[in-house]
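Order as written gives the chain letters A, B and C; numbering starts at 1 within each chain.
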């Protein structure tokens, strides 16, 4: 099937990139077998989660060029669906996962339709607005625990694959790693697909894109739905991993921003960008936070550092780290090759 | 009353946007700076908060200039996403800087000429002196800014740059300086608003976000780039925010149990966000805007 | 059979009447030109046909179907493609990818799109720069890219927007060959707006002349060039009264009619 073939088609990357990717993949696979602290493991899991968040964001934010600062609302939808389904109706993770994704995607179509009449800054602010509205709603809705959130009870013996409840982190790690690889393949398929090309054309010059038969509005909405699906899936996972969810930590603006940030830092619009961004920011956030957290007077320093980084990147290399890498490579190449 | 202050807050944003098409996410943070400035002048220097106003204004102007020359100038060259992210980064930066230096607890002004006093303006309508003063001073600030922009030469130059930067350049107006001025002016109007606000609203590092959203809604409603629009919209938004608690009180009084039964006031800010969304989708030009 | 029929088209922008009561038909397989002095309303007309503007009055019929007010993407799907005079790119698409976007209108398969794109690239003489970013190419090449992408949508009618603008004489000759080739081999009806007389007069079977929003003349190149209305539009009333149009008859041999 052509879909599968293009999902696995990494052939347009130079050999060096593929080698690095291969080595990293191997590393990721064997990580739990290497000596590590539980903090490191938690960091790795977070890295995987944020990579997938970022990859989802990248479809509409990177390839599509529309900066979305409201992704966290879908994390919330995914997480809460799973949580509620487990708590109230004993439904295993693997069933609540698609339901959560479907709900999130449904919501994304509802707000996507009016949302994509906007562009640029206005779009970004509107995404913030919708995200905050939803969060406010969740915070007042007693059915789902309002601001106190929900606590997921243990369902029998661990390890429990049905409900995704494990005592040891490495189970979680491998599940998330699976998600990670699936997401990567999906994203790879996306950039080779018709919709991927259409989006990139829209980002390039929307008027030209329309003249080539692309219904820009609809294409963006579809892509937004794809991004939402990625994000909601990880949201569901998050509920099972954390056992305890509340609107403030699953749906906050800070989360939305972090997602967008990592993708942008690493390189929006490229396949590896979000992963690189997550690889840098997640450990930095965790280790810096831990190191500085001990010194009370420096609360917020880690965020000061990121924001400084963001400003510098925004001012000098908006295409992120991957953009930097490609720029450095450019003069060496005798003829260009399509970077993705 | 609050509405006028909101209007003032929005004023700065609309100026910056009108002149150079850049949306300043850090706007709320400037407000926060103004609030802290007002707070500090009152508490540390034991001076009446009213004196804090010009201090805040000058500080705001300075910070605005620094931001322009240090950051925004570079952002303008880049794609829109870069601008967005740049000012967003600025927002986080300022917010966390405040967190680091001021701590996370909300603080407010407790003494001063007008704090704690109120007037009775007709049956049952109590008006706090601080809010009244804030409203009046906001009007003053508006008038001052309007005069500055429409009657002085520099102001006209600013307007010219807003309308057509390139044409203005041909006339010998330095776009760079105008941009910087816009930032300075935008910064100072909002810091003054902050200094006014701190008299009746506690300040903490996170206060910026809420006001940024309110400012955006106000600007969207009033129309990007329009000064009277910002004023009018500010009033409307101020009204909007107060509707929810009034409705709550009213429905409880009537014995109605609407689906939230008196909890609607929790959503009052959501109304603002919703308003923003609706405005942008259905009437992006706002009331008076000439630039969308 | 008229592939495009325009009836009483008018376009006004907040009171400014850019196009007024324009009616004409484009025959299937024709190569039609549109000329007129600056400000005549050519671009407006063009954009109305392409779907960018919805005309404020009149009708447009494409292949017998009413398409007045249709959006650009709808027009493209029906078989009307257009090029752009100025192409501002903010992304990083290369030539091949850009042409593939056009191909994707008619197919969902990447392999098919790729094959089609490669063929078109070769035919448009762009094989050497297929992997280059469109934004990095010189103007003449960019125009061919834009044309290739438009052709990738398998149009029946191709609208060319000042393709000769910014080209030097050698490039103009090249462009003439390209257009001729496209018209003959791809069976595409071509409608071009042009300022560069060299190109439009030598290629077109028929020419429309627009002035101040109205259609003032219609005919073969040799024919219209000597019409008093046309001379007046370009050179002014005074020139006409001073020189008349006899000198025109003599120099009509400069335009030896249609070249195919």
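Keep in mind that, in the parts below, contacts are C-beta pairs under 8 Å (C-beta built on N, C-alpha and C of every residue); 3 or more make two chains touch, one makes a residue touch a chain.
As the structure is a computational prediction, the values presented were derived from the model and not from experiment.
Novice: Spelling it out: a chain qualifies if it touches subunit B and also touches subunit C; which chains qualify?
Specialist: A
Novice: Give the label of the chain whose average Cα location is farthest from that of subunit B.
Specialist: For subunit B, the chain whose C-alpha mean is farthest off is C.
Novice: Just the chain pair, please, that has the highest number of C-beta contacts.
Specialist: Per chain pair, the contact count peaks at A-B.
Novice: Calculate how many whole Å lie between the centre of subunit B and the centre of subunit C, each centre taken as the average of the chain's C-alpha atoms.
Specialist: Each chain reduced to its C-alpha mean, subunit B and subunit C end up 50 Å apart.
Novice: How many angstrom between the C-alpha centroids of subunit C and subunit A?
Specialist: 44
Novice: Where the CA atoms of subunit A average out and where those of subunit B average out, how many Å apart are those spots?
Specialist: Distance between chain centres: 32 Å.
Novice: Which residues belonging to subunit C are in contact with no fewer than two other chains?
Specialist: 90
Novice: Would you mind listing the residues of subunit B that make contact with two or more other chains?
Specialist: If we look for residues of subunit B contacting two or more partner chains, we find 79.
Novice: Mind pulling the subunit A residues that touch 2 or more other chains?
Specialist: Those would be 65.
Novice: Under the stated contact criterion, what part of subunit A meets subunit C in this complex?
Specialist: My answer: residues 2, 6, 65, 192-194, 197-198, 200-201, 203-205, 207-216, 269, 335-339.
Novice: Report the residues of subunit B in contact with subunit A in the complex, numbered from low to high.
Specialist: 23, 71, 74-75, 78-86, 88-93, 95-97, 99-100, 104, 205, 209, 213, 216, 220, 260, 263, 266-267, 269-270, 273-274, 276-277, 280-281, 284
Novice: Within their complex, state which residues of subunit C touch subunit A.
Specialist: 50, 52, 71-73, 76-77, 81-82, 84, 87-94, 96-98, 100-102, 104-105, 107-111, 113, 131-133, 146, 149-150, 152-153
Novice: Which positions of subunit A touch subunit B when the two form their complex?
Specialist: Residues in contact with subunit B: 65, 67, 69, 114-115, 117-118, 120-122, 124-126, 128-130, 132-133, 136-137, 139-140, 253, 257, 261, 264, 268, 297-301, 303-304, 306-311, 313-316, 318.
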